[in-house]
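Got a structure for you, questions after.
Chains: A, B, C and D, in written order; residue numbering restarts at 1 for each.
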Amino acid sequence: MKFEGLPREMIALRASREIKDGDYVNLGIGIPTLISNWIEGKDVILQSEIGMTKTGPLAFGEDVEQDLINASCQAVTQLPGTAYFDIFESFGMIRGGYMDVIVMGALQVSSKGDYAGWSNPARGLEVGNIGGSMDLCAGANKLLITMEHTTRDGQPKIVNELSYPATAKGKVNMIFTDLAVIEVIPQGLLLKELYPGLTLEDIQSVTEPKLIISPDLKEIEL
Amino acid sequence: MDKVWNSVEEAISDVEDGATVAIPGFFAAGVPRILLRALIAKGVKNLILACGCGPLLGASEELELLVKNRQVKKVIDSYALYRSASKGMQDSFEQAVRSGEIELEVYPMGTLAEKYRAGGAGIPAFYTPTGAGSVVEESIVTNIVENRKEKETRIFDGKKYVLEYALKTDFAFIHASMGDREGNLRYRMTSRNFNHVMATAGKITIAEVENLVEPGEIAPDDVHTPGIYVQRVVKVPRLTFAITID
Amino acid sequence: MDKVWNSVEEAISDVEDGATVAIPGFFAAGVPRILLRALIAKGVKNLILACGCGPLLGASEELELLVKNRQVKKVIDSYALYRSASKGMQDSFEQAVRSGEIELEVYPMGTLAEKYRAGGAGIPAFYTPTGAGSVVEESIVTNIVENRKEKETRIFDGKKYVLEYALKTDFAFIHASMGDREGNLRYRMTSRNFNHVMATAGKITIAEVENLVEPGEIAPDDVHTPGIYVQRVVKVPRLTFAITID
Amino acid sequence: MKFEGLPREMIALRASREIKDGDYVNLGIGIPTLISNWIEGKDVILQSEIGMTKTGPLAFGEDVEQDLINASCQAVTQLPGTAYFDIFESFGMIRGGYMDVIVMGALQVSSKGDYAGWSNPARGLEVGNIGGSMDLCAGANKLLITMEHTTRDGQPKIVNELSYPATAKGKVNMIFTDLAVIEVIPQGLLLKELYPGLTLEDIQSVTEPKLIISPDLKEIEL
């Protein structure tokens, strides 16, 4: 089963609402990176694990500087107040809990807040690209996941138990998909917002764990 | 204490078969490409390349030659494979990993950074929260089954941590924007990444520098890597390279 | 993200009785004297002052007042006593240590530096060769007998190492030569010492800066402490002080 | 028993001979600091654990800069090529084995190369000033001790077993005193040089462990 939902940019927009003035934020590869388009005007500082705080917007054309990239290997810019530092300082601040909000993509999230993102068993390799994901989860004060609600062929990515290798266990706070906004609470998954037009049966049909319905359930607000 | 060598060839002349060489760089940024090319030209074999975050994806032409020449025995990294599985299937490095010809040992990036830092700083082992709850806590993650050495975990204040060990290398190849004759270095922007920490972890650290200056030209408060960590300095041209990876 | 506070008094207004406060400085250099004086004026008690290398020997007038006002419960340091035993006998701090009124907990300096670094970097514990073969490996070194908690040792590659733990503090007082409004800091010469590492270890880090500048005035490659570690910035005058200790 | 021997400056001079071009060196408080007067012209870089490499000569008068001191709290100067860094970097390089030669003062040295320096029990305190001494010993490639051969009242400071609290065990390579130059070897203490006029009986009378006499024994060369 597969439903029409928000485009990726709009998932990013909705997730960006969880970021507030004064936050230090790290954005993972994929949909999370798109969030940087939606925080203009907010008093927020982006950290890139390559060794940079106050990462500026993407660079294009003549502004591209080969010594200045973000952790997704995109050309970026610096801003007044940017700082560069080495990699052990960067991961010191990540593990040390200095990121207020971390947003990651995922292959699967479980009802316990476990999440899988670093290795797709379908690739047939027992090694994979861990990158900074596990460190970011270990140090996150607030871990948000942004992703498509289902796989391309409509299989649930929100599951009872991970079948993919875990990146971290019990760390996810909120899940933002094209179809819903879900909070991970001790009792399970709390459905808070739903894509306009979808029924509770619809969303449950593409979500493996039984969802707890928020008394304040509303349509996804953009 | 003049540490300047005339050429990269001379500077790496004692890198022998089986050496472990630290290769900094974060994808395309800060990779010691010219030292890598000298390593290819030298043709030494059975190398262990200790990386941080995909410098060989960033320097893909160099990687292809290293694989083609069968110079690499093992790569240590946090992000060594193409993101795209289909592109990966056509990549000669990934093929060599799949066949077991090259070992790929994988760590979380921050753990790897800390392993080099510990190696340079005389810390034999440390505990980290990173990887607890994943396969990383169980054993070394590698494609070579017999090298999956078990790891230890320990609970501090109710939370689980993984014991990880220091990593020192025989050589470290460093790319710096500026270096003085005594080995004090400065990096530009995000090309700093793993360069400083690997300079501390290498038993012999060789820096290729885009700008070679006299001692004192780097202000003492502005040194990124003190020269004490650097045994050899070589002047190299500034290369232009693409920064995209797949 | 403007982190500037108008006065040191306001900036430390939430430091309460019993707080643990990191005090950087290496003897006379780099001590946050003006923040210390505000702490004295505030009169909070039962403080734990987490030092690195004798900042309270360097700021001896401030120490004398802290002791006289009975504000200090405990000092953590590597070098807290006058070198001269006869001068020490007349020192009110040493007298309070001798009587057990103030606890003095002592570590090797590098271990202490590493404890703060681990605290800031999310590393709960690490092994170090330092202190193996001395009383440091047996238990915490302190004048208060019941606090001499046993330490663990472990052998790696035939050599003995001591397990030491991270140290985080409620507050860190920092002295910087220059700071921008977002908390990026630069230090001058050897006044850097423990300032950077303690900035990473403080849950709330308050920096007194001799020069307050706008974001961007410190070049991004020249930042010593990224502002992410610093919650509050206060402009202070540059003091003149004697640098000798006994 | 107490013999007339070298003044402190000359102990420092003799020890300075062990430092060769290309060495990174850390000098402890006391006699070791005097060595800096004897290495001019040598291609040697002094590290100060406060966070400095290429420490220059002591500063006097107008050259005194309150933000620039060495680890003994003396005003010093910088040189072309000086670098400043923070304390964890400083002790990282110390423990990490980057010091070629470390010279320390001592209260006692044993025949096994143990050494005591951080705490004098006579002070009546069970805490003391460890400073950087234990880290320096842990990381030393070559640990030299410079000290008076005996205490003020003529008691041996070179002993069979330490009676003072150890700074480090089995780490001392050579001992330079006002009376002798001694190398610590697996078999014990090898007497290599002697103050002019002293007999073997003289030096043994102020040294607790039985000295092994070098076949090349000579007068202390300055």
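Basically, contacts are C-beta pairs under 8 Å (C-beta built on N, C-alpha and C of every residue); 3 or more make two chains touch, one makes a residue touch a chain.
Fair warning: this is a prediction, and the values are worked out from it, not measured in the lab.
Looking at the partners of subunit A and subunit B together, the chains they share are C. In terms of C-beta pairs in contact, C-D outnumbers the other of C-D and A-C. Averaging C-alpha coordinates per chain places the centre of subunit C 28 Å away from that of subunit D. Taking each chain's centre as the mean of its C-alpha atoms, subunit B lies 37 Å from subunit D.
A separation of 56 Å divides the Cα centre of subunit A from that of subunit D. In subunit D, the residues that reach two or more other chains under the touch definition are 52, 78, 84-85, 88, 91, 94-95, 138-139.
Multi-chain contact residues of subunit B (touching two or more other chains) are listed as 114, 117, 121-123, 128-129, 187-189, 192, 220-221, 224. If the chains shown are joined wherever they touch, the resulting network has some other arrangement, not a path, ring, star or complete graph. Inter-chain contacts occur between A-B, A-C, B-C, B-D, C-D. Remark: subunit B residues 114, 118, 121-129, 156-157, 159, 161, 186-189, 192, 220-222, 224 touch subunit C in the complex. Remark: subunit A residues 29, 48-52, 64-71, 73-75, 78, 84-88, 90-91, 94-95, 114, 120, 122-135, 138-139, 165-170 touch subunit B in the complex. Taken in their complex, subunit D has these residues touching subunit B: 22, 24, 43, 45, 47, 52-54, 78-85, 88-89, 91-98, 138-139. Those residues of subunit B whose C-beta lies close enough to touch subunit D in the complex are 1, 117, 119-123, 180, 182, 184, 200, 214-216, 218, 220-221, 223, 226-229. Subunit B meets subunit A in the complex at residues 26-30, 52-54, 58, 78-81, 83, 85, 88, 94, 97-98, 104-111, 113-114, 116-117, 128-136, 141-143, 177, 187-197, 224, 240-241, 243-245.
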